[in-house]
Amino acid sequence: MLEEREKDSTKVDEEIRESARKAARSGRVAEIRFALHLARKNPLVLIGSAIAVISVFLAIFSGNVVNPNAWKFANLSAKLCWNNPAINWNLQNIAPCPGTVIHPLGTDLYGRDVLNMIVLGLPIDLEISFSIVLSAFAIGIVLGSVAAYAGGVLDEAILRITDIFFAFPSLVLAIVLLTVLGRSLTNLTLSVLIVWWPLYVRLVRSQILAEKEKPYAEALRATGASRFRVLFLHILPNSIYPVLVQITLDIGGVILVFSSLMFLGFAPSPLTPELGKLVSDGISFVSIAPWLIVFPGLTIVIVALGFNLLGDGIRDILDPRLRR
Amino acid sequence: MLESQTQLTKGDPSLEVKDLRVVFNTYAGVVKALDGINLKVYRGEVLGLVGESGCGKSVTALAIAGLLPENARVLAGEVILNGKNLLKLSKKQIRMARLSDIALVFQDPMTYLNPVMTIGNQITEVFAGNLKAFRDELIDFRLGQIDTELGNPTGEGQATELQAEKDKLRSIKSSDGKLSRREGRRLAKLLAIDYLRLVRLPEANRVFKMYPFELSGGMRQRAMIAMALVRRPKVLLADEITTALDVTVQAQILKLIKDLRDKIDSSIILITHDLGVVAETCDRVAVMYAGNIVEVADVYEMFQNPLHPYTKGLFAAVPKPDSSSTELESIKGSVPNLIFPPTGCRFHPRCPFVMDKCVTTKPPLIEARPNHFVECWLY
Amino acid sequence: MKLYEYVVRRLILMVFVLLAVSVIVFYLTRGVLPPTFALAPYITPRMNDPTKLALAVGLGVATKSCPSWTAFGQQQVGCVVPLYQQYFSWLVNALRGNWGFSLLPDIGSGQTTLGLFASRFPATAELAIAGAILTVVIALPMGIISATRNNKLPDHVSRIVALTGYSMPVFWLAFILQIVFVLYVRVNNSGVLPSNGLISTTCGLCFSNVGSIKAVTGAPIFDSILAGNPAYFWDSLVALALPAITLSFSTLGALTRIVRSSMMDCLRQDYILLARSKGLVERTVIYRHALKNALLPAITISGLILAALLGGVVVVEYVFSWPGIGIAALSASLYVDINFLELYTLITALIIVLSNLVVDVLYAVLDPRIRY
């Protein structure tokens, strides 16, 4: 009788193990199928990531693609001309370019090839964008953790300060700062950063507060782990996902604000080939050389779009509620 | 043995489910949730649908009401109510069926009630868009209410008012006229408050104006029940309505269900995983396992003579405070993965009486004892 | 707490925030720039040095013991009042309405800073309000349709539209619209829509003869209604079209996304299942049950949207030569007219904080859970 029962129990155990294996396999299959499904549902996400990656590469290696000093040299015989047969602007007063060199996106007031200018300008935007967003993120982690852990008056004070900075629209404070501090790339970075950091402080703080209350955090503390250990090794990595999404989206957003500032005329030097500045250079020639405005701006749109799509995609993948 | 009372009131079933098969398409695979369900519910009875979590009880309720999520497919089967197969109705027809024939009450009244609408609004909104369909019911109710009040008038003035209202309502009904929106709203409010009283909510007038978060869990559950009953459904599906409540509140709700069963005409399908609830409240009980109904019988009969090995295991697993053994009995194994369900009888991997036939072929539902049905090769 | 207690508490907080904003702006400007900048708006050309010094003392910037204007200009020790004291004098003057004269040569000549601001404000208000209305009117239905027809064609279309709006620099969109509607789509040899200004009589869709109206509010849309002049109204509406569309395009992207995601969240909730099980028509389920709950997060975001609008206004005014405060602020930046910049920042902050208050009150009104 006992052996029968034991035999039965091993048979049952074997069946359980088999079904567990099947379940695990189907679990892994489920993950893969889910990821593929997301990719299929959102082909745009793949496009976005591709754009983002390509633009970063282009920015890093722009010096190899285009002569990095090309923005310093003028070719006045070929100024404001267009000779790309693929697009017909259909406007009066469009001047064709002399010579045989094709300028795919036309030339500007100094005869500089617009495509070259765009490739040279892209690194500036991306670099500054990254540095602003990452600095805001750093400030956010520091102040956010302090606020979340200190609680009480310190927390309240930090919150009120973020409230104050939320009352400034981004361009307004930037304009004031640039007026008094003068125009330089550092000041431009600073003036955008000063409006951007409160968002990260709030975001990090709310994530940490939520994670702190979770049972695993309590359990960790109960085992004697120090607060710092809990914070850095466990809570921060777990709270990072929405912040990551925000970072990706913000890279696009900061490019827009930054290029707007350059467009409005706050550029440090008159010849910088920054994308927003290129657009503003083209304003006076809108009816005879619209490409000066269209293409640099289009580049901004594409890059911002790429990062926005990427951020959206990351958010969709990480959103636990979309999982079935 | 005691003859169950429901034997005497049987006639045609008010709801019949025939061989219902439902699957879900998920990323992990196809979940074969319902594997040919057969169910009959009779007028005025409380049928308990009992089983472990994940065996398909809620899916059954949703399938009957046509509320399955998008990734579900009904592969086969019929759900017959009022002679019509609910699964084959058009969207509008199903909606009308939900309006007046089927009502659901769910488990957690906090999440199932709209937090920004008053209780009263959530009850009466059903009437607001459907005054034509509910006209007679509203008028009849009010006429009945007026008659009761006329039996005890507070004064001459009130009696004349009531009589005037009665005449007006009668004329609307006889001339097949329309209830104005204001009038409809007023009557709906009176009806709602009456049902709030029926479910024993104190100060029904105040509750009508309250928001869900202002009420306790038990009160919210009663409000949900009132919301369902006010439409006078033929079938009321109660999905684990007591699971989210404390034991004392649970007892009150169950008593309410039992009292209502006597007062109203509906059949009630009480879905639960708690055998105690079944024992106390139900007339008949159906046991579900892994998408199959494995046993159906009257409550007393079931508890006295459980036939299916699973049912036997369930009853044995209930801890008895006065038993001498210190070990808890349990059924060997665990609930099967419904993406790769066991072949033949889905219970065979855990069955202590498993035979070769059980692995290959699914047993049919047979009447092993009078009015006691079971799906098992043992019989 | 009661509703009015909540409002009072928020108002006090608002005052505090505005004071803090003014302190920050004050220190940013006066702390960095030499004090002569601070006095420029108050100095008229005919003043001689002693008068200037007296003015400086009167404004609380120079000490009484300062020997001369030149000494003050050189910021000699003991001549300049400490910054925090300067702040209080500044605050008193500001609250009294003494903001000095505008330093802007073209648009501000002869005007006080306050006067210039007041005269330019209506145009910006007209633009911002139009942008806000367009945003809401387009984004709400788009978001709802997107959520209810999830993953079908209308959803994809609206997501792409929202996303592109979100990713476009405002200045670029402004020009593209101008290029298309002024350079390319032409009627009678002129662009179909005007490219700049509050009103134009030379565009394709414009009336050429509109008469004149009395400037009551300073915003032509309202003034033309008040004056009962439909031609003027139409022309100013046509002139408002491109700037308003440009302004709203980016914010409508953000609002659509929020409405869409919060609607989708709501539609997943359990109470929607109960509502459907009651036999309610789908339309009722969506609008009465889901939308009411979904609007709450959308409303909270309107504060941020307004902030974005007020920032974008600067660029739009610049591109379309719209005579509002944004374009004046750019000019003020060029001519370092600190007073105007301070006033501009403060008023913008005031608008944002006020609208946040309104939004929060609205939220409390709509969501009964907040009230208790």
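As written, the chain order gives the labels A, B and C, with residue 1 at the start of each chain.
FYI, contacts are C-beta pairs under 8 Å (C-beta built on N, C-alpha and C of every residue); 3 or more make two chains touch, one makes a residue touch a chain.
In this text the structure is predicted, and so the values were computed from the model without any measurement.
A.B. asks: How is the touch graph of the chains shaped: line, ring, star, complete or other?
C.D. replies: complete
A.B. asks: Per the definition at the top, count C-beta pairs in contact and tell me whether A-B or A-C has more.
C.D. replies: Between the chain pairs A-B and A-C, A-C carries more contacts.
A.B. asks: Could you state the distance in Å from the CA-based centre of chain B to that of chain C?
C.D. replies: Using C-alpha averages as centres, the distance is 56 Å.
A.B. asks: How many angstrom between the C-alpha centroids of chain B and chain A?
C.D. replies: 52
A.B. asks: Give, as an integer number of Å, the spacing between the C-alpha centres of chain C and chain A.
C.D. replies: The separation of the two C-alpha centroids amounts to 26 Å.
A.B. asks: Which chain C residues sit where two or more other chains touch them?
C.D. replies: Residues of chain C touching two or more partner chains: there are none.
A.B. asks: Quick check: in the complex, which residue numbers of chain C touch chain A?
C.D. replies: For this pair, the touching residues of chain C are 13, 16-18, 20-21, 24-25, 28-29, 32-33, 151, 160, 163-164, 166-172, 175-176, 178-179, 183-184, 265, 268, 307-308, 310-312, 314-315, 318, 329-330, 332-334, 336, 338, 341-342, 344-345, 348-349, 352-353.
A.B. asks: How about chain B: which of its residues touch chain C in the complex?
C.D. replies: Counting only chain B, the residues touching chain C are 65, 67, 95-100, 102-104, 106, 108, 111-117, 125-126, 129-130, 211, 213-214, 224, 227, 231.
A.B. asks: Contact residues on chain A for chain B in the complex?
C.D. replies: Those residues of chain A that touch chain B are 8-9, 12, 15-16, 19, 22-23, 26-27, 29-31, 33-34, 37, 324.
A.B. asks: In the complex formed with chain A, which residues of chain B make contact?
C.D. replies: Going through chain B, the ones touching chain A are 26-29, 71, 332-334, 336-337, 339-340, 349-350, 352.
A.B. asks: Which of the residues in chain A end up touching chain C in this complex?
C.D. replies: Residues 41, 44, 90-91, 160, 163-164, 166-173, 175-181, 252, 256, 259-260, 263-266, 276, 279-280, 283, 286-287, 290, 293-294, 297-298, 300-301, 304-305, 308-309, 312, 321 of chain A touch chain C in their complex.
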